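Letters A, B, C, D and E mark the chains in the order given here, with residues in each chain numbered from 1 onward.
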Amino acid sequence: MTTSLFFIQLINGLQYGLLLFLIASGLTLVFGVMGILNLAHGSMYMVGAYLAWYFFTHTDSFLLSAIISAVIALSIGILVERTLIRQLYHRNHLDQVLLTIGMIFVFNALQSLLWGNDPQGIKVPDLLSGSIPLTDTLSYPVYRIFVAVICILLAAALYYTINKTRLGMLIRAGESNREMVECLGINISRLYTIVFAIGVMLAAIAGVLSAPMVSIVPGMGEHVLIACFVVVVIGGMGSIKGAFVAALLVGIVDTFAAVLLPSIASMVVYILMALILLVKPKGLFSN
Amino acid sequence: MLFQKRSERLFIWIFFPLMLMMPLFLDGNIFYINKLSSILIFALFVMSLDYLVGRCGLITLGHAMFYGLGGYIFYIIAPQNEAVNFWVYTFYICVISAAIALIVGFLVLRTSGIYMIMITLAIAQMFFYYFSDSMEFGGIDGVFLYLKPETSFLGIKMFDLDNPTHFYYLCLFSLFNTLVFFKVIMASKFGRVVDATRENPERTTALGYNVFVFRLASYVIASALGAYAGYLFSMQYGFVNPSMLSWQTSGTALVMLILGGMGSIYGAILGTFAYEGLHYFFEHLTEHWMLFMGSAIILMVILLKKGIAGYIEKLLEKRS
Amino acid sequence: MSQVMIETEGLCKHWGGLKALDDISLTFADKELHSIVGPNGAGKSTLLNLLCGTYKPTSGRILHKNEPIDSIKPYAFARRGIGRSFQKTNIYPSATCLENCAIAAQRYMGGSFNFLKPRNKEPVLLHIAEEALHKVGLGHRKDTVAAAVSYGEQRQLEIAMVLATSPCVLLLDEPMAGMGHEESALIIELLKQLKKEYCIVLVEHDMDAVFELSDLITVMVNGQHLVTGTVDAVREDPRVKEAYLGQGDEVY
Amino acid sequence: NETIKIGVMLPFSGAYAALGSDGRNGLRLALKEHRERLHGSNIEFIEMDTEARPERAPEISSALLNRHKADFIVGPVHSGVANGMLRTLRNRDTIMIVPNAGSAEVTGALCAPNVFRTSFSSWQTSYPMGQVAADKGYKRVVTITWNYGMGRESVDAFEESFTAAGGEIIRKMLVPFPRTDFQSYISEIASLQPDAVFVFFAGSGAVQFALDYDALGLRERIPLIGSGFLTEGTLGAQGKAAEGLVTTLHYADELDNPNNVKFRELYKSEYNRDADLYAVQGYDAGLMIVEAIDQLQGKVKDRQAVIEVMRNMTVPSPRGDFTFSKAHNPIQNVYLREVKDGVNRVIDVAMPALEDPARGCNM
Amino acid sequence: MSTLLDVKSLHTLYGSSHILHGVSFSIQPGQAVSLMGRNGMGKTTTLKSILGLVTPRSGTVTFQGEEITQKETWRRMQLDIAYVPEGRGMFHNLTVKEHLQIAARANRKGEKHWDYERVLKTFPRLQERLNNLGTQLSGGEQQMLAIGRALVTNPELLILDEATEGLAPLIRKEIWEVIRTIKDSGISTLIVDKNIQVLKDLCDQHIVLVKGKVVFDGSSERLINELETVESYLAV
């Protein structure tokens, strides 16, 4: 591998990693920090992409469709938490698995009912449609750089909120002992509703931002779901920093494995995870 | 008594006699008999998962790995064009998968909770991709087994596996044995420690038990039985496919288990039947069966606190 | 003085920069009750956790009957007869009180890898378990689920479980915390009996109990060994008064 | 009047759902259009969702065969499912018509008298491209596909004709199925600087590959050619990223023949969406059934007769008439197409009446 | 001034076991009240019923003249009630500092007698452990933190369950001093503890529970007069 190709692949890996973090960010919040096992996370990613596509074809404005999609996702999040998730806080964690698998079924059915099963795509917003030449054959699209920047900003914002603000502390405290948080006079239910909804919205926003880069197809959510869990767990539950590092690690390892070790490429991420967990049984950045 | 709860006895007295007579009602309709056989096989698989999850508190998302391995091991070790003995190969498959489980368990049981879920998933995915990216095992299209084993034991031929009804009884027989087997284990002194390791592993260590060894033993037992289920499945249609090892298979089994009620062992049967029943029903009702299936699952989680088995127990409690 | 059961040599435990235990050398003799007291955070629980293998020492050695045991596995401590109770209640909440003790008793009765023997068909084992319950005054609760008994009773159960393992060394971390007078008195009586047979290490803030029971008292402050002596010696030691007891004019 | 049962085994949910429903629509359309040729038989459809899950295939096909006693079973889309179906349906008392799955085995090693295919073999759709590429003067080509049966078969077929015509494959890339993150592979391709890139991808993989290839700026610099699935049913999602891609396939939406024009019109008015390849293949399966019923005057219980009729049939397909090879695979034209303004334009017939070599079939 | 907390004939059940049989008592503003009883008599259950952590089958709880029986727990706590639970209720993923930060607030009157600094001054041990996680503290340190966490909410009514459990004698003395100070500053306290010697001096009023019933409810004077009876209830 030449040096220039090495750097290009490194950039590819970083970019893939950042995208992974974007998709996993909502899960880090809902699963890592709040401790809710939401398997329907991938479905919300899919819903976000479809919403973006749907409103884009109707409004022709990427920004507008992004905003509408985010608002809809937020409302779905609030609704789901209020009516369903809330019933399960006092129960076994596995009930959340069952519930959210039920939700995957429902989201898949609704997607097929509302939007059909054809692959869809939307074009990159004009403002960001340029590209920057890297070598004489290869160039890099501006939109992807834009998304990478958003991911970094998002990571910083999440990190700050969870670790440094009172809100973040309350969310963490809720994961540890809901009853006690309530005993401090805090409306933990409402707090959890909001944070859960934000998690869902982040998943959808990831879908929106990915929409111009990926094919929007049924089942796209299930493909990313496992990758998201891998990222959150390798990083260490509840650690934003961990998730960020893990996403980049997975992105880079996966990218290089694809070209250097094609025979075991699909296994490499799992080998990585197994090794990390055997050495650090609670992930990279756990207490 | 082995079956302590009233609900349990009731279930066993209704379920097994009913299933014994089922082929009579079905009047040799091959489809229904085959369908029931595959449900029984899967119930056996879910039961072995229940032992791990519900009894040992070891949640895994990689149990399907053994389900698939059951099939692939058979494909690998059995000669291509010679019918082998069923019981001998049952033994081989259980031993080989137990050996694999011993190594895998040795690694995965170092972690716990969500980390264990993920590491079991990781190892299962490795096996999944090993088979699905391989050329010699037919890749994602899987492989075929052209000959079914024969089942003579001490010179007596008990089941003719090409006959769906015989195969059905073999499955039922296996399921019943597995149920009794798990019940005996759980009521035993070993079971007492298993219960302890689930509830409070830290305390159990402080009392002087090597928690790891007990978990490992349980993991090996459950995995061998999971592989046995996969072996039966691959034999039913003579067909092994990597999707048997996929995390979706593990997930589905987990869903059935939670639906049926964890930790009760017989709940596994209830859950499998309920899930498959709903699936079959909605699928024939509408093309958008997923919508109904999903809603039914959601409703059931919300309404049933401890799965179907828990619900039945509550009903009986109220009446007495 | 009777035989030395457990001995520590220069035991240290550091948490990051914090020296929770700093160079502790103590001996605990058989058939003696040796109390460890000290202000909160002095490192008493840490010491017990080291003695029973829950934590590994940063440096230093632990000897049990003159054999070093600091590198054996946590569960092996209990097998050598080193039993402990926890400061924070640590039981099997969904099992009955009797079953809680039966689990403990089975460890030393053996047969835990017996897959076939029904667990409730072993009278000797159940008898031991029941006896342990009676000793701590929980006989009437034997069929109650442990989660449903009150906090104080759970503390009693905690001790019953240690007794059921038939230990030779008892490490008790604040066994009386949360217990009422009556139950405390019961435990004090019980410990008086037990110390005739066992080596007991007691961590407790209830000074009435400590003074009444102890053969020896060790005072620790900030991870360091302050003084070891008899009840009277420690009671009157000005350093102990300053660091821990106060001036003696107050009720505890 | 007899009831004729047609079992339909297609994916109606999951990633292949669109393909499944188009195939089903085509099938239904054929039977509806030619109602009067059915000799008054009642047609009953039994539709089963395969979810594209191979492990369900034996069970569902067993249901159609044993429980419903279907006379014809149409399906599936997915090759893995096809393998599972063949296991239960080969040489049984029913007629299996495969409306998509292109795996070589279906009319190769696993061929059987009662199994027909109305679609294609993967060999057929890629073999002609080797010749085309050589004619265009490409010398050094990189191939890339998913590491699964169809992918490998397609690339091998391309290689077969391309190397025969003097070309060189400088790198064969196999992407683990169903990965759709192609950026690193495309970067690698850029550094190899080949004359062209041959791909086999379908569905979301095809969309994603075209999008990434375009986004990284290679579309204008290194020609992208492939089996027609690269641009089939995916153009809407690919947008301008598909412009100029050259592919070979046994059909194109724009094919200018009366059957096609009529079919597309009918389809549009019936289902309110444009027909595509999968609809055509389903439609042709329907035509086969209609023709068989018509010729046998509704007496389809005699499977031997049905097989006899089908084997000698000329199907008046929208893709142009085709007949069956000994292995029951279509002998058909393969067209050379190029995407212009979001449509697959037919440039030429790449190879006329191409027959699959049916390796491994001893029928 | 009117009654601060008024509890009227609470009946509470766990499943089918009836634990509280009509518990009634009241607390006047500024009073310190002790709640005593042997193990398992229902002290904790009474406190939890007041706070809404368990739902009583019948009976009412009135705080500052407002009935709160149907309110969610967090609304009750916002009326400036603070709670130190038995077992301490630490957050395993928050540091000592964060424990205090999330709890700190002014009360409804806008007063802020207790803040972060004052707690650390009162419990210097915590100062040294600021970056430890809640569960990485010694038992006594946890108890200090739990009390500190309750104080920084600047309550009108402070409820302590097993107030001095696991504390060293000196610290225990310290806690009693603190409680005396807050009592002097007009804050009411409801204390569960077993140390009758201290409580009889510290508290104004005393309640004794036996098997879910109030068997004694009176002032310190009465307590001293009837010390023997009460001690028999407590089995001292």
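In this text, a contact is a pair of C-beta atoms (placed from the backbone, for glycine too) under 8 Å apart; a residue touches a chain by one contact, two chains touch by 3 or more.
Please read these numbers as outputs of a predicted model, since none were measured by experiment.
In how few steps can one go from chain B to chain E if every step must land on a touching chain?
Steps on the shortest route: 2.
So which chains are sitting against chain A and chain C at once?
B, E
Give the fewest steps needed to get from chain C to chain E, where each step moves from one chain to a chain it touches.
Step count on the best path from chain C to chain E: 1.
Looking at CA centres, what chain is most distant from chain E?
Comparing chain centres, D lies farthest from chain E.
Any idea whether A-E or B-C has more C-beta pairs in contact?
B-C
Using mean CA coordinates as chain centres, what's the chain C-chain D distance in Å?
So the centre of chain C lies 75 Å away from the centre of chain D.
For chain A and chain D, let me know how many angstrom lie between their CA-based centres, rounded off.
Here the centre of chain D sits 35 Å away from the centre of chain A.
At least two other chains touched by the same residue of chain D: list those residues.
Within chain D, residues 13, 176 contact more than one other chain.
On chain B, where are the residues touching two or more other chains?
Residue numbers touching two or more other chains: 129, 133, 289-290.
According to the definition already given, which pairs of chains are in contact?
A-B, A-D, A-E, B-C, B-D, C-E
Note which residues of chain D are touching chain A in the complex, please.
13-15, 17-18, 21, 173-176, 178-181, 183-185, 187-188, 190-191, 193, 203-204, 207-208, 211, 215-218, 221-222, 233-234, 236-240
Can you check the complex and tell me which residues of chain B touch chain C?
Touching chain C: residues 184-185, 187-193, 195-196, 199-200, 202-211, 214, 217 of chain B.
Considering only the defined contacts, which chain A positions touch chain B in the complex?
Of all residues in chain A, those touching chain B are 84, 87-88, 91-92, 94-95, 97-99, 101-110, 112-113, 226, 229-230, 233, 237, 263-264, 266-267, 270-271, 273-274, 277-278, 281-283.
Hey, which residues of chain A end up touching chain E in the complex?
It comes out as residues 166, 169-170, 172-173, 175-177, 179-189, 238, 287.
Over in the complex, which chain B residues touch chain A? Could you list them?
53, 59, 107, 110-112, 114-115, 118-119, 121-123, 125-126, 129-130, 133, 247, 251, 254-255, 258-259, 262, 288-291, 293-298, 300-302, 305
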